[in-house]
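Take a look at these structures.
Next, two complexes with chain A in common: one pairs it with chain B, the other with chain C.
Showing the complex of A and B:
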C-alpha cells in the first residue's frame, strides 16, 4: 500500500481512519475518449454504440477473458476457454437490433395471455391440443439446452450475439412455460412425449455453431413458426391466439438471426454453403421420419379439423397445406441464401401435391 | 378413442396415442397474479422427483415412450443440487420486472461531468461491463445440463442470463453516453481456481456467484444514490439492484434447501464460504475491494471528485462493512449461521480490515 496520511478530523466518534494515498494510475487510460452517443427515436440502442473503435468488430477475437470490446485489455489474465472465437462463426449484422426488439416485445405468459377466455372443449379437441402443447414444450426445451450450451462458448468481443442469444433463450423459456400452462389449464394434461429425431439432431449438433443455426432456423424454427400460424388460424379461444402470436414473433427473431448469420458466413466461406446444405438435408430427412409417427400429425389434424370427425378429411388436408407452406417458405429462404436444392430435392413428405386442392 | 367410418382413399387414423397421456382433468386456475408457475403445480404435475430419471428431455408429467432415445445427457439430476423453493415466485417476478436499457433509463438527464468524475464513472462502467456477464455465461452452461424435471429452477436462471445481458449493455451504454469511453479491463473474472467460471458443481458455483459475488455488487447498487450524478444513473443502479436481489435470493434459497435436504454436504458448503470470505475484500470482482482501479473510481464518485478522495474513502469503508454485514445475514438465512459462532468465519477479522 502506498504511503498513508492521517484522516481529516470528522465529527462523531468513529476511530481515526488511515486513508491510503491513491495511485490514480488507471486515469487517462482509454483507447477512445470523447465518445458521446445520444439516444435516438428508439432510445439508446445497443447498435448505436458501435461508433469509432467501439464499432470495430475484428474477424478474430483472441482475448480469452471478458475484456469489453474497445476497452484496454488486461495482460496476464488466465483464459476462460471460449471456443467460438471467429466472427465468421457467429456474427449476424442485425443481432443488436434483434436484441433490442426482443426486449421491447417482452411478454409474460402469466398476465399477457387471457386465460379466462379458455372454455371447456370437446375431449378429442382438448386431448389433441394438449398433445400439440406437449410437443412444442419439448421443442422449447431443446432450444433452451442448445442455445445455453453454445452461449457461454462465444467470445466476449461479439457481445451483440451473446446478448441476442440471452433473449432467445428466455423466449424459449417462455414458450416452454406457456404451452405447459395451456396444457394444464382446461381439464386436460400433458400428452405423450415425442419421439423426435430433430430434437436429437439439434442437441447433437455440437461441431459448429453455424451448422447448429442452420438446423435451428431453417428446419425447426421455420417448421414451428409455420405450425403456430396454422394453429393461430384454427385456435379455439383468445388465450391460444395470444400464445401463438407471441410465439410466432419470438421464433421469427430466431429465424432472422439464423438467416442473417448464414448469409454473413456463407458470403465469406464457400465451403460453408455445402456443409450448411448437408446439415439441412439431414435435418429435413429426420423431420420427414418424425412425421411418419402419427402422434403430432394426427393431433394437428384433429385441431385443424375441429375434432376426430373432421380430422381425416378437412384436418389432414389443412395439415398437408401446412407442410406445403413450410416447404415453400423453406425453399424461398434457401433461394435467398443461394443454397442449392429446391422443392423436388426435399424428402417426399414435403414435395408438392398435385394439384393443390382448392377448398 | 376410435376412428370414424372409413373414407375412400384417405388412410385410417391411428389415434392410439390419445389413450396414452399424463394425469387428466387438470384445471389450473389463474390467481391475482395471472396464471403463474405456482398455479400449475397441481397434482402429479407439481411433484418433483428427488432424483431425476428423465434422460430424454420429456416434460415432467408427460408419459414416457420406451423407445425414446437418451438424448438428455444431464449431469444435474439430483433435486438438492439445484432446487429452490421459491423458484416460481422469482421467475414470475423476473418476467414482470423486465426492463429496457434503451428506453427505461432517462439518458437525456446525463449532463457533462467534470473529467475526473466522468473517468471514474467510465472506469466503474467498464468494470461492470466486464464482470456482469460472468453471471450470464456460467448459469447458461449449467442450464444446458440440468434436467427439465427441475425446470422451475432453470427458468429462474434463464431469466438471470437475460438480466445480466441487460446489465452488460446498460453499463456499456453509460460509458459511451457522456463524452467518455471505455477504460481499462481488470481480468476480475479470469479462469483461475476458485473462480466462478471453473466451478465443477452447481452449488459451488452458486455460493461464489450468488452469495458472495453478486451479494457484494448488490450492496453497491443499493447505495447507487450515493454515487449517481443524474437520474439516468439512479435508474440504472435501482433497476440493476432489483434484478441482482433476485439472483442473490436464488442463491440464499438454494443453499437453504441444500442445507436442509442434503446435510451431508454442509461441511463442503462451509468450505466454499471460507473461500468466499477469504476473497471478499481482496477479490477483484468486488468493486469496493482493494483493486485500485475500481476502488479509487468508487472513491471519486462517492466523494464527489478526485480532490474529495478522502471523503469517498470513508464511504467505501462503510460500504465494505455493509457488504460484510449483508453477507452475514444471507449466510444466516441460508442456514449456515453457526459458522459465525463457532469461530469458523473470518468475518470479524475482515471487519477490522475494511479500512485497509
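Showing the complex of A and C:
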C-alpha cells in the first residue's frame, strides 16, 4: 500500500503575499482610444467596428504574428509564416456582413430539424436518399479540409475573411452532421464513398486561394446548392425540407463570398481572369467525369422519380433539368464576373439539350 | 374577430408584418438578421417591402419603375399568389409545391428577378429565403380575402 504523503496544508493564518507595487505601464498603450461604436438594427456587427484606424485594411499585411488589427504589435516576435498576406488574395468587401449573417442565421440539426416527421419509406427510395446523404457528407468533409487548410495561412490583418471562413467551416461541419443524421435515422445507413475527382481537385489546389475559391464556389458550391434545391422540391418529409432549405442558405453565403472575392481580385489583376477561368474549366471537366459514375446520378433519379420505376423516365428527366439549371446559374455568374466562356464551352454533360418540357 | 383583409394591399402586408415582427420563432432556425428591399409583383400591382435587422420595417405600394431599386422582386400571377397563400392558411406554413423555393424552381424563368442584374442583390433571395418564407408563413394568422373572389 502506498504511503500517504504528508499534507502541505498548514494551520493558522497564512503569511501575507508580497505583491510588487503595480506600475500600470501597459496602460495608455493604444493606437486609438475612445472608440465608441453603437449597435444598429442588426445589433453590434463586426462590420460596424471598422472605424478610425480599426477600419484601415491595408493592401499588404506585413505583420507575421497573430496581432489583432489595430493593436500594438510585439517587437521581435518570431514570424509564423503566413503566405496569404495581400488583400487582393483573399478580400471580399462583404465578408464581415456574411460572417454576421452566418452567426445570426444559425440553426442546429439536433433541434431545428423535425426528425419525427420522417416516416418509413420504400427501400429503394431510402437507399437512394442515404446514398445522396453520403455524397453530400463527403463534400462537407472536403469543404472543411479545404477551408481550414487555407485559413491558417491567411494574415490576421484580414480577420473579416478569416472569421467568415470559420463560419463556412462550421457550416460544412453542420452539413456533415445533418446529412449523417438523416442517413442514420430511418432504417438505412451510409452508402458508398463517392469516387470524386472534384474533391481531389479542391484538396490539391495549391496554386492560390483565389483559384481555390473559383472551384469551391462556382463549381462545387453552385452544384451543391442547385442539387439541394431539387432535393428540397422532391423531399419526402418536413425534416428533409428543413435540412435542404437551411443548407441552401448556408452554401449561398459561401458562393456569395466566392463571387465577391473573385470580382474584387479580378478587377485589380488582369491575369487572374485567365487563371480563374482555367481553374473553372478544369473543375467542370472533372465534374463531368464524376457524373459518368452512375451512383449519384441514379440515386438522384430514384429520389426525384419516387422509386426505381419512376427513375427511368421522370427521375432522369428531372436530373437533366437539374444539370441544366446548374449550367444556367454557372453561366450567369460567369457573365456577371466577365469570365470568358459560355454554355457551349462547357463539357458535354452540361451543354443545352432539347427544349425541356413544361413541368 | 378581426376584419378580413384583402390581398394584395398595404393593409394586408402590414398585418402580416405585425405577426412576423412579433413572433420570436421566426428569428431562429435559419431565420434572423435580414437586410434587403424586396419588391412584390402581383399581376400589375407592385409593393415594396423593407427588411431591416430582425424585422420587416415597412411596406408600401410601388411602381414598375421602382422595381429597379429593390434588391430583387418576386413576381407571380394573382392565381399563383392565391394558391400559395391558401396553402399557408390551411397548413400554418407553406408545404409541398407551395414554398417559395419550390415555386421558384418549378417556374421556367424563376419567380425572383432583378432589373439591375446585380448578382449579389438578386442572390439575397436565396440567402434570406427562410426569412421570406417565414414572412409569408406569418399570413396564416391574417384573415385574408382575395381581390378576385
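Quick notes
In the analysis below, the second predicted complex is superposed on the first by the 344 of 359 C-alpha atoms of A that agree within 3 Å, B and C clash if a C-alpha of one lies under 4 Å from a C-alpha of the other, contacts with A are read in each partner's own complex, and residues count from 1 in each chain.
To be clear about the criterion, a residue touches a chain if its C-beta (ideal position, glycine included) is under 8 Å from a C-beta of that chain, and two chains touch if they have at least 3 such contacts.
In this text the structure is predicted, and so the values were computed from the model without any measurement.
Contacts of A:200 after superposition: chain B is touched, whereas chain C is not reached. Shared-chain residue A:41: touches chain C; no touch with chain B. Of the two partner chains placed by superposition, A:143 touches none, neither chain B nor chain C.
When both complexes are overlaid on chain A, the residue A:240 reaches neither chain B nor chain C. With both structures placed on the common chain, the touch criterion links A:230 to chain C but leaves chain B unconnected. Contacts of A:104 after superposition: both chain B and chain C are touched.
With both complexes superposed, B is the one of chain B and chain C in contact with more chain A residues.
Of the two partner chains, chain C is the only one touched by A:248; chain B is not.
Chain A residues 42-43, 100, 104, 106 lie at the interface with chain B in one structure and with chain C in the other. Listing the residues of chain B that touch chain A in their complex gives 1, 3-4, 7, 10, 12-15, 17-18, 20-30, 33-37, 40, 42, 45, 56-59, 61-65, 67-69, 71, 73, 92, 95-96, 98, 100-103, 105, 107-108, 116, 119, 122-123, 126, 129-131, 133-134, 136-138, 140-141, 143-144, 148, 151, 154-155, 158-159, 161-162, 164-166, 168-169, 172-173, 175-187, 189-192, 197, 292-293, 296-297, 299, 306, 309-310, 313-314, 317, 355-356. Of all residues in chain C, only 28-35, 52-54, 57, 95, 99, 101-102, 105-106, 108, 117, 119-120, 123, 126-131, 133 touch chain A in the complex they form.
Within the complex formed with chain C, the chain A residues making contact are 40-43, 94, 100-101, 104-107, 112, 225, 229-230, 232-233, 238, 241-242, 245-246, 248-249, 252-253, 255-256, 259-260, 325, 332-333, 336, 358-359. Every residue of chain A that touches chain B in the complex is listed here, in rising order: 1, 7-8, 10, 17-20, 22-39, 42-46, 49, 51, 54, 64-68, 70-74, 76-81, 99-100, 103-104, 106, 108-111, 113, 115-116, 124, 127-128, 130-131, 134, 137-138, 141-142, 144-149, 151-152, 156, 159, 162-163, 166-167, 169-170, 172-174, 176-177, 180-181, 183-193, 195, 199-200, 203-204, 294-295, 298-299, 301, 308-309, 311-313, 316.
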